[in-house]
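First subunit A sits with subunit B, and in the next complex the same chain sits with subunit C.
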Partner chain A sequence: MMTSGISVMRLGAVLLVAVPSDPDDDTIADLQVRIMEALNGSSAQGLILDISTVQTVDSYFARTLTETVQMVGLMGGVTVLSGMQASVAVTTTQLGLSLGPIPTALNVDRAMVRLQELLSERQI
Partner chain B sequence: MAAKGKQTTEGLSWWEQASSYQRLVDSVDDYGIIMMDLDGTLRTCTPGVQALSGYTAKEVVSGNFAKFFTAELQASDYPEQALSQARDKGRFSDEAKMHRKDGTAFVSSFAIAAIPDEGGVVRGFSAIVRDVSRERGAEEDVRRSNAYARSLIEASLDPLVTISPEGKVTDVNAATEQITGLTREALVGTDFSDYFTSPQEARAGYERVFADGQVVDYPLELCNVDGSVTPVLYNAAVYRDDHGDVIGVFAAARDVTAQRLAERRIRQQSQEILELSTPVMQIWEGVVAVPLIGNLDSQRTQLFMERLLERIVETNSPIAIVDIMGVPTIDTQTAQHLVETITAVRLLGAQVILTGVQPSIAQTLVHLGVDWSGITTRSSLVSGLKVALDSLSLRVVDRETGASRS
Partner chain C sequence: METESVSEVVIVSEYDIVLARKGIREAAVECGFGLTDVTRIVTAASELSRNVFLYAGEGVVTWHVLHGAHVGLELRFIDHGPGIEDLDKAMQPGFTSGRGMGMGLPGAKRLMDEMLIETEAGLGTTVIVRKWLSSRFE
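Here is the complex of A and B:
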């Protein structure tokens, strides 16, 4: 299962998943499975999805992302989407692809801060 | 004079007998008929002569035939030549300028015939004179009006051309010669479509004229032999003969090089204005601001959106303040574009604070039914900046007192 260039790293309680630059449908499906597996076998509560290298987003990708975020939420985790490129943001909104209320951050650094905020909010 | 003395059987002189013909033609008044001696001395004339020249018979009979011609012709040997030719060949006809008694000139068509006696010896001449000024004048008018029409065509600064139904050039004016760099002779008879960057479009153009009767502002590009290309707009229509049948197409091109340049310049300038009008400034670490001024159309909003997103990524700013104080009116589409921009910014991981919302704009936005929930808005840029600093956990502090200013 180590195909398709998806990298899943664990940093303490945070899973950092980097999405390859031009993911095909299989990779996207694989991504969801990999995230679920990684989350299941660890104590990680936070997930950072880094899409900074992704050039294009289609409806399938958008839906899978939204689904994954919901799944992570059901498993008690919190997701932050980080590093979307400006051009991707333009096409995504113009295509009307809703990513819903997924928390976002400009980069992994900020995503980490945001994730800590969200997790601490939840603990209250 | 030998003829004078000779008597005929009736006892009438030769001249008296001959003049009996005069009665037959006396009623003809638009022809002057005269009879004269070998040396051109008038013997008789019909009333038509008076109608023509204004001279009475009394005034001209016994005078010389040459008297009818204008002074210049009298001075030359034209009258004598006319008579001698008539004597030699039996007949002479020509058109020449004559003058009337009142001094006015007219163009006459005259025929002189030699009159031989029974022995075949030429004894005198008859001459028939007609005023053809009107006909010649009409011809002259036609010639002049043709020349006038032609000169107008040639004077046209627009290249004019006529095209046959086969698509051949049938006539061109000077402007066409100039714009193509070819002479009239080289152009006439060749294919009209050969002189354009796109022969297909040129052919489609004149075919449409034959089909629809005309085309207006048909854009083509004319080639010059030197390789230069002139953008033109063609106005063309069919022209017809007397029976109303289409003979060809008359096409006038308008050189639109200057307009094209001006259009390009205007486009460039509006692009520049567009870029100038949406400056995205970083006003603090982590905060960019855009003052939007003027009406927002789709093109401008698109550019604004792209630049804002790029700047957010570039400066790594989680906060963007969009000030719409300078936007006079807003419509559904513009509002939708704004919402899109805000959504896109959010996808990047940044947040938009909309400031400078005027009462009238607020009213419109509510009436338009745009969903503004989840969008932070403030009435002024100042309060927007305060929100921005606050969410960055920053504070402006008075240096003297240490009191917070935001």
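Here is the complex of A and C:
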């Protein structure tokens, strides 16, 4: 699938993925595959999922995000979700969705700091 | 009541859910809703159009502006699928007949101001939701 426009960037031990603003279901499913492929065989330990441009998080999207974080966890990786818009946070909560215990950050900069903290905590 | 035209998207694939979201987002912005309400409306639309696709395979989503004492946006999700067997159960958060997360109906109801459901086993389901412009408790 080349049409989804998802790019997985590698910054040292961190993968940075920017989620497209209005992804269809295929794109969301593709996102998961791309992340797992990028993680596989790489030395990346952390993943930042940036959703700052995302305008709608429905239950399908939330479930796929939660699953992806679990899968990354199974491979020994740590995920930080960054940049959720206020309107999306309000709506997701009122819809009754829980994104579980996924670490979050206001933006990518802070996500990077959070991720470093989580990774260093883990090494102790 | 309804002076403006009705827009619609036919749902036959998952991609049509995106088309419905886009059209409804534009309509909600044009109607004058703030960003949080627009997000609520579009998210409810996403849940309900996915229900149409998941449970009936195909259907139609329509929307139009309501003019009266208040201005609002009405969305309709119409399918000729199997219908909802137990509506009370389907309205309980967490209940799912299989493929969903069980958030669609109760979640959409919370995000909107009004919800009406007509369903009959074997004949299909129509879900009507409304959001009023004046009822903004953000």
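Rule of thumb we're sticking to: the second predicted complex is superposed on the first by the 123 of 124 C-alpha atoms of A that agree within 3 Å, B and C clash if a C-alpha of one lies under 4 Å from a C-alpha of the other, contacts with A are read in each partner's own complex, and residues count from 1 in each chain.
Just so we're on the same page, contacts are C-beta pairs under 8 Å (C-beta built on N, C-alpha and C of every residue); 3 or more make two chains touch, one makes a residue touch a chain.
As the structure is a computational prediction, the values presented were derived from the model and not from experiment.
In the superposition on chain A, A:D58 contacts subunit C only, with no contact to subunit B. When the shared chain is aligned, no partner comes close enough to touch A:M9: not subunit B, not subunit C. By the document's definition of touching, of the two partners only subunit B reaches A:A111; subunit C does not. When both complexes are overlaid on chain A, the residue A:L99 reaches subunit B alone and has no touch with subunit C. In the overlay built on the shared chain, the residue A:L81 is in contact with subunit B alone; subunit C does not reach it.
In the superposition on chain A, contact is made by A:V90 with both subunit B and subunit C. Applying the stated contact rule after C-alpha superposition, one finds that A:D22 touches subunit C and leaves subunit B untouched.
Across the two superposed structures, the residue set of subunit A contacted by subunit B and also by subunit C is 85-88, 90, 92, 94. The part of subunit C that touches subunit A in the complex is made up of residues 14-15, 17-18, 21-22, 25, 35-36, 38-40, 42-43, 46-47, 50, 93, 100-101, 103-104, 106-108, 110-111, 138. Of all the residues in subunit B, the ones that touch subunit A in their complex are 305-306, 309-310, 312-313, 316-318, 340-341, 343-350.
The touching residues of subunit A, when paired with subunit C in their complex, are 22-26, 55-60, 62-63, 85-88, 90-92, 94-97.
Remark: subunit A residues 81-90, 92-94, 99, 104-107, 110-111, 114 touch subunit B in the complex.
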